[in-house]
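Chain naming follows the written order as A, B, C and D, and within any one chain the residues start at number 1.
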């Protein structure tokens, strides 16, 4: 094979490999450091959120290490084996190839599979297994581009609602005025009041398209599928004002579908509820 | 010469787009036409008007800081008169009528539609204005006409629509502010009216003849009655609505 | 453009000699270039179509970046913004990345690398290209219809995608979207069937399955995945069309209220569509990413002058990935109200994919051990792929776990992750392939200096854009938002939006450089020999550019595809076709 | 198909056919999973199939039989079986259209019940694939070639139709 006239210059000099290795190492370091400077999660305000944060922090550390290791080796190889030169045989026996294949499999099984399961179990239990005693029950109904919050009132029973009775201005939830439970029900547009330190169970219902009830501070996110009665449960641990946002694309006003949460003492919540207009 | 012939079908295509306007009715003299006047009443105890909860948009809440807006869907005055009932002649009118040139205006002021019920003619231009400091999203749920769903930033130019079919009480609402919703009645002819605060309405310049009047309220249903209008005469009628 | 010798894609082909039933090369401009059945011409046509669609997709991306970073400018209205987001997603996933890599380079490389004259069914191959062209036109036409293009996201979840009352784009725009997707699926299935038949039946003598280059293996696995995973989406699209136009209720439940009226649907469930869509969705991302990994292996072997580390293991790992990718789709639906135990199963299955994928990653890095790296542009892009696979792949762990996905679902973390994996890895795979196989396509070499500049203008800005998006996701910023400024908790994320947009504009500008380099080198680039990179796989056994019918005489594969640094030989490579 | 020896082109055609059948199997698998989830809906009911459906199925199975005979028997009498199969196939299609009209004479049967919608969708997709089969058979008839792989495809479509009927009976 005559050395083809058009082959690129054999040794382009040390410039490019050094630059490339530097780029890989720099990008790895910057990414890992960037998590502290720019990647701060909203301060936690719910009990089960602590275990979700634990999973995320565990993953940040685990993937951070693997990430630095990978880029470090890549940069070293790029520098060490640039250009021609005496190298020794690059061929590896089948045994070494299988051994080196086992390393990532074991690391991933232990680190990813094992770690995620073990660290993730408490969150799973708190979110799906535990049934809170004496929870504060509220219903949040999602419709195109607002959250309707429906409080059961003193009797703890939600008034029955039917789709035919929905009228946007007067009765957006479609509550049935003849149902006795409706008498003490209260509904508001996007005002959710939660007692601090008491577990809350939120019934989730959508009237038109899929929405998703999310409050980052509480680490809560749950889709509202029309035709289904969804639920989510958590326990707010810090009083204050929070915002409800919609996480599932639901149309033009998806970005404006904002609700307000105020976590207060139980007494303040009851007092606020008492001076709201009843449903009818 | 040939290219001009080519453009003719093209022009015809363009002109046919606008609504066919028939012979304009000659301006009637006073004694040749009658007037229908009447009152819409609400039976039973007037429902309490809930405070409109504008919590979900602080900017709107701001606009009503002093006196909160009350729900306007069922407006009953102290003598039982029902406002915002759209009354129109549903049978007995023949011929085509040129739509008025000035547009029907629907204003969004104080995160609320004004007027609450709007009457307009087929072919008349509907102008939707946003005089609020807040973005609104005008969503019409027209069934017979072409529905539209547009966002309107505060201070942006007015939206304009023309309807080519009759549709009584087409809902137009703002998807962002759930409490904002208005009802538009589109009829072929100019013989319609919306009852005032005391429930009264008046349909002038009616050619003599026998007509069916339909009164529709956004939440309390529809009532019909037939009247006979004599030349130069005035006919009184009334409708009564009740909560289902 | 008289060609000196040999024949090529852009020159008058000479009739190949020496075997029975040789069909004469097609004559006439139309038969040879436009309606050609030559896999090389079809591959190039796919590539050029993908480049055009990439301009559209890139333009949409720029529009999104302007709107998100400067919402007060309101360059687009909210309804148009949703169409822009939807069409950017759809065009990039299906009409740019699948087209350029799987259909473009798959068509061009497979027959050459397995020593075949052409695809098993050239007419079917041409038909598959000419099915995608109307698909592209329909997709672009959707912008100009009443109500605008589809606006329910590239995932088109009902009821949003089923009801025109829900969003204007779900009127005529969504119908055109569904038809364009039907055409894409038809074309992709025809292509996939052709790849499988060709790879199984048309290999040269001596070319056993384990002597095929890894890029052909990856095209083979990606074709199988594509053929098996797309039909459920076809079923879902047909049912969605039924719901939209025939009044059926597959996905629409009772009690939907629009404009104070209840729609006449009953009993359907939107989750059914999500299951069917994501049953395709996840294998589809592997259909796109695996060929890029295969191309990285090929390019690294050729420019590092050593065989890839663990060839057989990589093949088995790819087959395992293909199988696992069919059983993990549920991780897209953790927060959709799925039974938590099912969520736990999908967590374990999804996280298990990191094992075989990290084996591929390790093999890629280990393929540099004791190498003699020649820093050509193709090699630099292949090294970039390794870095991006590391970044993107590890990001998937956060989303594969049901507990942490509660926080990250539908946030910018997801946007950053999938852009890294099926955006940057595949784009850099396409660029590595272009720079590496350009001699075989046009008989010329692309300019190395422009290429290196193009690499730096792609790797650095794109990594910056999509890694910063991970931070936005960490701080709670939600995706598909027209304007984030209303929310207090998204203020932290918004501060990064402008930096990301500047990097994004730099990345898009960098791609124009590539187009210039591609166009200019195709006509004026330095002339290339048959084997400019001194590589060993079969495609370098024929002239540059490869003539019609590919090989003068039927090639015979006498050794493996990557016989570099053979012990005791003067040259540092032993081509596959030499004894 | 140029450049391949006859035996390899035969094997290539088989590969293409079986890969395509895998696609069709996955398509019906998609519909089956939709059917499994949808039948748990509140409004799901039994579907009363008119006698025409079973008659039609018999016609399709008969056409499979005649095609099998055409495949095996190349003598003069064998020439008759291919056009007969084509005739039966067209009869089956006409029967399907009749079935749709029979089912929808009351109200629109596609939209009234979910199982009706499934029957319509599955039979429409099946009919579409049948059209492909009929085109192939007609092309074979024109070329006076022996139907080998086309027979496999046709029998597969017969089985697919039986599968659809079984699915709807299991409602």
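What we mean here is this: a residue touches a chain if its C-beta (ideal position, glycine included) is under 8 Å from a C-beta of that chain, and two chains touch if they have at least 3 such contacts.
Being a predicted model, the structure only gives us computed values, none of them experimental.
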Under the touch definition above, the chains in contact with both subunit C and subunit D are none
If you tally C-beta contacts across B-C and across A-B, the winner is A-B
Farthest CA centroid from subunit C: chain B
In whole angstrom, the CA-centroid distance of subunit A from subunit B equals 46
Per the C-alpha means, the centres of subunit B and subunit C lie apart by a whole-Å value of 53
Distance between the CA centroids of subunit B and subunit D (whole Å) is 56
Flagged in subunit C as touching 2+ other chains are 78-79, 167-168, 258, 260, 268-269, 271
In subunit D, the residues touching two or more other chains are none
Multi-partner residues in subunit B (2 or more other chains touched) are 137, 149, 151, 171, 173
The chain pairs that touch are A-B, A-C, B-C, C-D
The residues of subunit A that touch subunit B in their complex are 143-148, 167-170, 172, 188-191, 251-253, 256, 258-260, 277, 280
Within their complex, subunit D touches subunit C through residues 1-4, 8, 11-12, 15-16, 19-20, 22-24, 26-27, 29-31, 33-34, 37-38, 41-44, 108, 110-111, 114, 117, 121, 125
The residues of subunit B that touch subunit C in their complex are 137, 139, 141, 147-151, 153, 171, 173
Within their complex, subunit C touches subunit D through residues 19, 21-23, 116-118, 120-122, 189, 192-194, 196-198, 200-202, 227-236, 238-239, 242, 246-250, 266-269, 271-272, 275-276, 279, 549
Subunit C contacts subunit A in the complex at 78-79, 82, 151-153, 157, 159-160, 163, 166-168, 253-258, 260, 262, 268-271, 304, 306-307, 309-310, 312-313, 317, 335-337, 340, 344, 347-348, 351-352, 354-356, 358-359, 361-363, 365-366, 368-376, 380, 383, 386-387, 390-391, 394-395, 397-398, 400-404, 406-407, 409-411, 439, 445, 448, 452, 459-460, 463, 467-468, 470-471, 474-476, 478, 480-484, 486-490, 492, 496, 526-534, 564-565, 567, 571
